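There are two complexes below, and they share chain A, which is joined by chain B in the first and by chain C in the second.
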Partner chain A sequence: MASQKRIAKELADCTTHAPAGMSIALATDSDVHKWHVTLDGPAESIYSGGKFGLVVTLPPEYPFKAPVVTFATRIYHPNVTNDNVGSICLGLLKAENWKPASKLLSVLQAVRLLLVEPQPDDPLESRIADEYRRDRAEFDKNARAYVQRYAKGPVKFDGTNVGADAGAAGGSGKRSTG
Partner chain B sequence: MDSDDDFMSAVSSEDDILPDDSDNDDLSGAEDFDFDDEPDPDLGMSKDIGRKRVAYDISFKVYQPADIQKQQDDLINEVNMILDISKEEAAILLRHFRWNKERLIEDYMDAPPQVLEAAGLAQEPTSLPRLEVKPGFVCDICCEEGPGLASFAIKCGHRYCVDCYRHYLSQKIKEEGEAARIQCPSDGCDLIVDARSLDLLVNPELKERYHELLNRTYVEDKDTLKWCPAPDCQNAIECGVKKKDLDKVVPTVSCLCAHRFCFGCILSDHQPAPCELVKKWLKKCADDSETANWISANTKECPKCNSTIEKNGGCNHMTCRKCKHEFCWMCMGLWSEHGTSWYSCNRFEEKSGTEARDAQAKSRVSLERYLHYYNRYANHEQSARLDKDIYTKTEKKMVQLQKESGMSWIEVQYLNSASQALQTCRQTLMWTYAFAFYLARNNLTEIFEDNQKDLEMAVEGLSEMFEKPVTELADPKLKVEIMDKTSYCNKRRIILLDDTAQNLADGRWTFNVELTGSAPTSGGPSNRR
Partner chain C sequence: MPPLNAPEEGVPAAGLASWQQDNSSTSYASYAPNMLSELPELGPLPETPTSSPPAPGPLLSPPASFMRTTRPRRFSNISISSVAATVGSETQSACVGSTRDLTGRSPVLLINYQELQYESEVDKSLECPICRTPFHAPITTKPCGHTFCSECLLRAHQLRPVCPIDRRPLDVERDFCKARVIHDQLDRLRVKCPSQGCGHVCARELLAVHYERYCEYTPVLCPDNSCDLWIARQDAAPDKGCLHKYTPCQYCSKQVMKAGLEEHYDRECSGNTVKCAQCDSSVVQHRMENHVANDCPSTVVLCKWNKYGCGKSAPRHDVQAHEKKPCIYQAIGRLAQDREDDRLIISELKVRLSAAEGRLRVAEQEKTERRERKRRQAGNTNNTMPPFVPDLNLSNSPRAAASYNNGTLDSPEDYMLAQFERMETQMEDLRKNIHELDGLHSMRLLNDTMRLNEQIAELGSKVGVIGMHTTWLMNVQRQSRGQQRAGGVVGSPLSSLASSSGGPGTTNSATGSVTNAARNAPDNEGGRYYNSSLPLRRNSDGRGENPPRL
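Presenting the complex of A and B:
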């Protein structure tokens, strides 16, 4: 199948020339459609020092349909849902923007960039976005607290280090619509 | 009947508006639209509201698929000649400018490169795109390579194998319903795949769908055009009534397929009620209709806080769950005044009970009022729903009459006219009740109710005649009666609609709800301005 060849090539590219601060592996050796990515919090961001797990799921129609990327590690961020699903709002991944020639490498780089530059104008968590805009000190404090609580130690992709309660780590944690 | 006579003389010269006996309102209505092919987008409608032959009549045009195609082709040819660009590019530019030719030309003259870029067009004229086999080519999408692998690129030069290109296009067209803005598959390249390139690549079925989608965007891009919502109808209607005028006019149009609908909200003909009231009414009915009947029959309101309470057993000593008010279910009076005479209330004359019952009655009035209008609305709606049956029955009757009485086809057409008149008038009647529900009580409302009553009586009369057995229908006397009644119904309907529309245009109605002025778009909440 055509998509197998493409995925194999992309996987090889990503693992041999992994972008700075990322390591990439298949979730299981038998399935090339699910990737586990470990992302170091970028040094220039508030998430520095944390290790974040990303799950990349490639649909059967890949590359004609966009991949799905979620955070396996809880993160306090305007563009990531503050729950144990960790959905990401990324323009590149929307159906109307995705191009079959887009590469996963650029998707991963876009996710990394999102940690450096949150996009509060296009939020999934409008409360966190408000806080990011109005009270940066409080946002930074909450984000760091989340890093301390969830993003230290070995990354797990099985949903065991996403925590159950939203409010415990400092943010008031009440989810608003996104 | 002074006003009626005035009205009749005013329009009597226009015999297409007041149909004579055998003429049918619907059909004659369709005759006075101009069906020529000449595109004429400027109808200058809004200026003319209120100065029409009859106030509710608005002008519009029906376009068939070929007309819609021709309009686009004409515009494309024009831009193609004026700007000296290919037809495919002209089409893409026009779509980018939502078919506003004047703005396109103006902007293009100012700054061609910017306009081309924004619309997704290449700036350098290159050779026409075609399928090619290039040595050493590797497809960036599927990573296939090999001798003889055919590839394709639009003017940007981003080259992919034919299979991937096809797959991409078919997914965009079939699954996403995209046509006008399909971009090059390359990441970050926003060049638009033009119709000619697409035709080179996809199969005929997909091609057809693509052009259908393109036509759709043409109609959807233009505010003055709307699709006829009837199932399987492919016509579009052009009408100049603007959204902001919808509190002044009920723009009812009629397609060649005979479907009549409101140009403002696309719902079926809802004259005389304006779109916004229709929205309110439909919402209210969806929320209330069945529940309201039940509430009316089974509940009372708490005398203190007006919460609706159902008594589902037990004694007459009620304690409101919301405000903790204690009262007697029978007399609605204070429970504390009942002393020890529990379980048998015989205190009907007491003051607190009387007051409570008065308040109760008041709150009931609004519910009863709604039910009054709703039941009549629903009744006419149901009758209108039986239209199909009536119509097929009519056809049978007409055939039977032709056989049994030796009448010719043309001689039995009066039954068809009667059936059409019944359908149309019932539809109007139905909406008069929704309209009346929102009317404040004043003289105008009384005139409206008189008109409503006249139309209703005429319709019921015709309905009764119409249901006679075929043997009686053949009676020449009854035939004349039916023809007269049909014509009378149509006239009463016109009088009612004309009067209502005139008052609406002049802003003379007083409603018991706030109208925002701009009608809500379908589905959405009412807009604020």
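Presenting the complex of A and C:
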């Protein structure tokens, strides 16, 4: 209960000052703890042209515990698990880094920035990270293929546009626990 | 989902404990003990709730104001209660958790300051960065100067002992201090009462008093010992028993909580609207009586000026039109009403007057007693210091005498004051007397000096005369000696005098004296003086016994 006001304010902040290409909505009107965010692939990134769904889940202990952000849309990215869970490795959200005063708006901005500048040194998918570092052309090709395959058309948050054929394009690599 | 509440008591964290001790305004905890002790008796009270088994979940949506709660439990050093079930999206009451049963009286739900509705937008600078609501019992971190609600900071600190903004390590004992600066601003924020249905708005500082003591809508623990739900204070009469039992609605056979029946009838019950027999409108059945009595346009009613003579009696809408026309008895009716109002006011004034009279009587009685006491004291003073008072009684000032003698004084202070006044008048009189005396003295002095001066001048002139006489006599003697040598016999007795006064110097001083005397009385004798050159003439005046007059 204590967090209701906080969440309401965060939501208001995020919707009024939404980062470029983002739109935010509640998953269901009755629950402020689950947000659906639609993110247009940033134009300056290889993901441009794609529409990505993000699910922001606020734990009951929010803001004392960090929110959980996952991609609802499959994405080929060193910091996002290449599966139908779409976990993100974001420094800001790690338990040891989370600050109760952190704003969700900055979390969303960080996610967007992650698409522009992947962080291969702190990967969730080490194989993709390796590829990103060593063979950027191959990485770009795969990423664009994913965009074409999963991130076109209306964003769905119900899981129907993720994991339909997990691993088909890149396979699941070794995961580190970001 | 355990919500966080204002800490209640015995919080180990030193920062918070001290906060409670000397925070006088915003902290709920500091209000609680004395406030609860002043709460009106609310009926037979449940003991501090213990681990009663959770009540069965609601069969149907209970009205928003009745939340099912579990009893408060401890979350380390912060007390937390949880709401097991709230129903509907607008049921987020601002009240969660309960106070402990401090005085054995009905506990009420704690105010959750984070859920309060403020009358107007609150300045961002007064917003806690954690809960994003205006600070409640704010604490500032000493090393980095960040401010948070005490609940928020302690909760965050518990998970990770660092500043929630910059992650600087913080120690509860050392690094937390109350943020006094913003206190006044926070206290003055206008806030709505969190009780459902209340709508009272007041300064946040005063909210706890209203909520704890006066608000009829404050959720209190159900008077039924076996029930651990909350109920609005106005419904918590012990004779009503537990209103949380479910009964089937008499109209639609739905299971409804007793406390929520009215709301059910008004809002959702579908089986109880009936057509009014008179006006054809559909009305909730249990409101029918009310409708017929107060609303139905077809009910035959009397003109409202009926009392003052109007005989109109017709269906309500006709009568309303008639009253609006307006009814000719309106003027007289208004007049009569005014008179009635006046009468009410008069009777109220009478009551107040008699009360005032009573008070006056008491006061007078006290006054008399005090006067008695004072008189006795005054008597003592006179006895113990008999020489003092009479001694001072030099003056016969009427005021001082009156104030002292007729005993109209009623307190020791007044008595002392009177004494002072009396002494003052006496002093005044003394001063006047001294002035008089002074004048008298200088007058006398002047007179006496004048006489003395006169006498001195007289003496001076006499001396001068004597000197002249002497000179004359000496001259005479010299002449007679010359004549003796020649064979004369004149004035042998004068010879000794002449020899003692000696020579021309004596003549000089005598002349000076005469001049002096002449100055003092210029008119005397037409300015005729004896010059030493005219001794013979003086003799011929025949006033030998008188020295020259001044």
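Just so it is clear, the second predicted complex is superposed on the first by the 165 of 178 C-alpha atoms of A that agree within 3 Å, B and C clash if a C-alpha of one lies under 4 Å from a C-alpha of the other, contacts with A are read in each partner's own complex, and residues count from 1 in each chain.
Definition applied: a residue touches a chain if its C-beta (ideal position, glycine included) is under 8 Å from a C-beta of that chain, and two chains touch if they have at least 3 such contacts.
None of the values given here were measured: they were computed from a predicted structure.
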{"item": "Touching partner for A:Asp29 - first (chain B), second (chain C), both, neither", "value": "second"}
{"item": "Touched partner set for A:His17, first chain B, second chain C, both or neither", "value": "neither"}
{"item": "First (chain B), second (chain C), both or neither touched by A:Lys99", "value": "both"}
{"item": "First (chain B), second (chain C), both or neither touched by A:Pro60", "value": "second"}
{"item": "Partner chain in contact with A:Lys5 - chain B first, chain C second, else both or neither", "value": "both"}
{"item": "Shared contact residues on chain A - chain B and chain C", "value": "2-3, 5-6, 9, 63-65, 99-101"}
{"item": "Parts of chain B lying in touch with chain A, wherever the complex brings them together", "value": "140-144, 158, 160, 163-164, 167-168, 171, 176, 178, 183-189"}
{"item": "Residue numbers on chain A that touch chain C, as the complex places them", "value": "1-6, 9-10, 29-30, 60, 63-65, 99-101"}
{"item": "Chain A partner contacts - residues on chain C that touch it in the complex", "value": "1-4, 83, 89, 92, 96, 112, 114-115, 129-133, 151-152, 155-156, 159, 164-167"}
{"item": "Residues on chain A engaged by chain B in the complex (per definition of touch)", "value": "2-3, 5-6, 9, 61, 63-65, 95-96, 99-103, 106"}
